[in-house]
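Look for subunit A in each of the two complexes below; its partner is subunit B in the first and subunit C in the second.
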Partner chain A sequence: MTAPFEIHHPGSADRNAPAPVSPRQVPHRGGAENPSAAQIKAKFGAAVRRIDVVWGETTVVVAPETVLDVIRWLHDDPSQQYDYLSDVTGVEFRDLEQPVEVVWHLRSLPHRRFLRVKVQLTKNRPLEVPSVWSIYKAADWMERECYDMFGIRFVGHPDLRRILMWEQYREGFPLRKDFPLRGRFSRAEQLRQALAANPEARYSLEELSIADAFEDLPTDMRQRLRGGERTGE
Partner chain B sequence: MATQKRTVDVALATTGVDAQGRPQRVPLVTADDGSSVAVEAPPAVEPELAEEHMLINIGPQHPATHGVLRLVLELDGETVVRCIPHVGYLHCGFEKIGEYRQYNQIVPWTDREDYLNSIGNNCAFALGAERLFGVDITPRCTVLRVIAMELSRIISHLVWLGTTCIDIGAFTPFLWSFQRREQVYDLLESWVGARLTTSATRVGGMAADIPDGWIDGLRSFVRSFPSTIDEVDRMLTKNAIWVGRTVGLGVMTPEEAVNYGLSGPMVRASGVAYDVRKDFPYLDYETYDFDVPVGTNGDVYDRYLVRMEEMRQSVRILEQAANRLPDGPVNVDDPRLILPPKSKATSEMESMIHHFKLVMEGPRPPIGEAYVAIESPKGEKGYYMVSDGTSKPVRWRIRPPSFVNLSAISKMVEGHLLSDVIAINASIDIVMGEIDR
Partner chain C sequence: MGLTNRPERRVVEYDPRSQEGWVATRLDFLVNWGRANSLWPMPFGTACCAIEFMATAASRFDLARFGMERMSFSPRQADVLICAGRVPFKLAPVIRRIWQQMAQPKWAISMGACASSGGMFDNYAVVQGIDTIIPVDVYVPGCPPRPEGLMYGIMMLQEKVKRERMNDSALRNEMEPDPRSQLYIPAPTINELSEPFGNSVHQTRSGL
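Here is the complex of A and B:
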């Protein structure tokens, strides 16, 4: 048995801060700004494109190439301590001219702060942002889901595979606005494909390659594995 | 009497291989006289077990994975070397569907993601949508939602308790907890008319006020429920089998737990007192007197203790909420959001038009976005909604706590035995409806 852990208390960084209260009468725009936003602006300057306060939540829009530095600084700097990654997700607007957004929701438990960091990606380029997996392990599945649903590639993620859709799914990225609600194929075609699918295909090739049962695989799968096929991308 | 001795000899080492490269089959050797013929069997070669890893597949159809979760485990003997979880078997595209629905039409979908916490999800979604609309709900509605959320926390923890006991081999607490859960469902049924899929909230209020005498039913439940917690406590907490199967399993240190984004009882069992109700409060939780249980070992046993204590704290909150429930309207007085009474809608032209337009076109929030998180029984449940000014959200994102909690399972089960994987998986308290959405 190891020694019990010390208990970590959120809000321990500034003990004089008032106790948090439930939000009331939140203004649409122009509420109290998270102090971290101005500090990011002071530190990174031109990389900060915009600072918004919408419904009491501060959004910092930063340039895609600096987002990793910003988030790493927010995580590491003792005055910020954003140690908790709540959410990573993407947003695509109905107006297809608008850029696709990648949104990180960060919490600083010691300071009890909440910050939204955003990146806007124009659509005529590949949708790529750096992965924050090296900072927050929580990003692992959330980035995979974001890749799965939007096709946003998180560069530096160790295992960027589809997660909710199966790995051999080829219809596209379901949460993109150009993806129809019912999928690209008719119900009959979807059923036909499901019935025709090889159940073995649900095993990813990575896990089969560690299997001792390699020699028992169907010939075509062995050939694909030998050919170096990996399903991640 | 001469015995017929039949020996099967598959001497791989002695004989050659055939043209295809396969070992040559050795015919059966039959000695007609047992005493004279002794077939020399080659020394049996033990396979090198130590170097062989076994791949074992649990699920997706397995009772101990709590839904359609599939775990692919690489085992060294009985010890887990690597665990690859697979999710997505229940993926229904809730978030996509939400982009095609008005805000009030999304409420039924929130029932169906974390179906053990359905009324809590309704309240959470309504809170998010109300932030997006810039509406403050009435005092009575606030207290009613607190009651709903704490009741659903009790339901969820009871289901967790029962199913985990079954996984670990105790059947009786399952019956006790499901009996109590039934009483909560009776309360919910008499309030909103449904047990599991409650759809209890609307943007700006609730679908229904509580019926007469409902608070008495709540009080009698609150009075009698702690006895069940005590019974389970007596049965399990110092039970040698229970302790032996839970202590020291799946340990996450506080730093790891925060870094992996764990929330709810998972992070609190690791010694991080992060509770959304205390740290980022909503629904006036800061005015209730309750404690946040925190574990110090971060193992399965501590998660059990934390959940048991949370049920006791929920009872405390319910008592206070029942005492302070104010009179007054449940819904906000805002014709942009709230439908006119049905009797008026069928008798007055203006009300009928109002009703029709509100149902057909739906309320429109201003352009903006909101991320509202609640402390669901599983952890931090967030709803992130983006509005472009139309009656349907551009993006409705669910931040599922059990999805993020489950992503740490590969780390937690590493180095443990196969049977402990079941206990660790149970301790995460996953609901696949929420993970796959």
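Here is the complex of A and C:
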């Protein structure tokens, strides 16, 4: 049986490279830069706003309109092969005039590289960045969480709705600095709205794609489902 | 173990001024004795309290001594709902429905600070005490409570069960929530119950 996806082995890009060792004596600022950063700078030029190396990890701040091209290039180009998106998140700073940041954590297994790509969004415009869902399917829930907590809209996401809070949640975006810790509504109103939510609206057992997994089910279960048996109440 | 002495076993006494006859009180005693010593818990474990609950059920503390060794993972066969851990608002309809699915007679234990009062999570996401969602019989304090604490709470519940009377008509009434708001206690009471207390009164992070 062949795997339906390509298996990437760590360090497969250069088999003659020495075995990795844990870095020692890493300086706070100005350590060894990830070579991808300079290559992004060479390819995208002015779109790269800043390159930082903090504790040995490289951060590339790029312009919001180019970030999709940069990440697509990092994923597709044979010299980069960033095949693993480990995180998408947002940052809001306490200073109100500081822009909101969106952060992508990318990892290249073949090259053994880690790169942090950032975008800064000014607050006087709607918080929108392109979704990287078309490149990494893993971005689906991470972008939903980021939207849920910060209200950053990921343009091009196939199903951008709340993931941690329930879908009818109307109080705002909890990790924003202007959000009061206890929420905006009274406790009774919060409880009333929470009790009005239907937890099975989208997450019932039937909906958890039995249809998708049908061929993988055991034979007896397939026969029972064909006969019209259903789970749940 | 550090348990206090076992509470004195209460015997049903015949009070001539009550309307209960000797047969009724004896039957009460028998039924309550049976119920109190075979409480099947429905574990609703959401956080670290559930770990202590598991320890209580495991061999060292051995919940089976109280007739509770059978965890009932179906609410329809459970007698006592043990809510161990914090309940976020998103889980409020879930615990409400589990409680409604349990058959009478049923009781609820709120285990730990978070389930009882919201605990340290005085924030936008956590219910400030599950008594705003379902009626609670015994609150067990602690963060998390030690297994002895939970067992003491269970013994308190057993005492409560043993004092029940068949002719108490209010006892087995299902508490119906308001059909419009789904709240079973008035909104001002919920707000009052959810008021911050202790150190969190002085928290200033709410406003910017």
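In this section, the second predicted complex is superposed on the first by the 180 of 233 C-alpha atoms of A that agree within 3 Å, B and C clash if a C-alpha of one lies under 4 Å from a C-alpha of the other, contacts with A are read in each partner's own complex, and residues count from 1 in each chain.
FYI, contacts are C-beta pairs under 8 Å (C-beta built on N, C-alpha and C of every residue); 3 or more make two chains touch, one makes a residue touch a chain.
From a predicted model like this one, the values you see are computed outputs, not experimental measurements.
Asker: Quick check for you: in the superposed arrangement, does A:V91 touch first (subunit B), second (subunit C), both or neither?
Answerer: In the superposition, A:V91 contacts subunit B only.
Asker: Go through the superposed model and pick first if A:S186 touches only subunit B, second if only subunit C, both, or neither.
Answerer: Touch status of A:S186: second partner only.
Asker: Pick one for A:D77: touches subunit B only (first), subunit C only (second), both, or neither.
Answerer: neither
Asker: Looking at the overlay, what does A:D178 touch: subunit B (first), subunit C (second), both, or neither?
Answerer: A:D178 contacts subunit C only, not subunit B.
Asker: So, A:H105: does it touch subunit B (first), subunit C (second), both, or neither?
Answerer: first
Asker: Of the partners subunit B and subunit C, which touch A:M165 in the superposed model: first, second, both, neither?
Answerer: Touch status of A:M165: both partners.
Asker: A:A194 in the overlay: touching subunit B, subunit C, both, or neither? Say first, second, both or neither.
Answerer: Second partner only, subunit C.
Asker: Would you mind checking which one, subunit B or subunit C, touches more residues on subunit A?
Answerer: B
Asker: I'd like to know which partner A:D69 touches here: subunit B for first, subunit C for second, both or neither.
Answerer: After superposing on A, A:D69 lies clear of both subunit B and subunit C.
Asker: Starting from the residues of subunit A touching subunit B, keep only those that also touch subunit C in the other complex, and list them.
Answerer: The answer is residues 164-166, 174, 179, 181 of subunit A.
Asker: Over in the complex, which subunit B residues touch subunit A? Could you list them?
Answerer: 52-55, 72, 74, 82, 84, 86-88, 91, 93, 95-97, 100, 131-132, 134, 136, 247-248, 251, 253-254, 256, 258-262, 270-274, 278-286, 294, 296-298, 366, 368-371, 373, 380, 382, 384, 386, 388, 390, 394-395, 397, 399, 403-404, 406-408, 411, 436-437
Asker: Mind pulling up the subunit A residues that touch subunit B in the complex?
Answerer: Interface residues on subunit A, with respect to subunit B: 1-2, 4-11, 19-28, 54-57, 59, 83-87, 89, 91-95, 103, 105, 107, 109, 112, 114, 116, 136-142, 145, 149, 162-166, 174-175, 179, 181, 202-204, 206-207, 210-213.
Asker: Spell out the part of subunit A that touches subunit C in their complex, as residue ranges.
Answerer: Of all residues in subunit A, those touching subunit C are 164-166, 171, 174, 177-183, 186-199.
Asker: For the complex, give me every residue of subunit C touching subunit A.
Answerer: 89-90, 92-94, 96-97, 122-125, 127-128, 132-133, 177, 181-183, 187-188, 190-191, 193-194, 196, 203, 205-208
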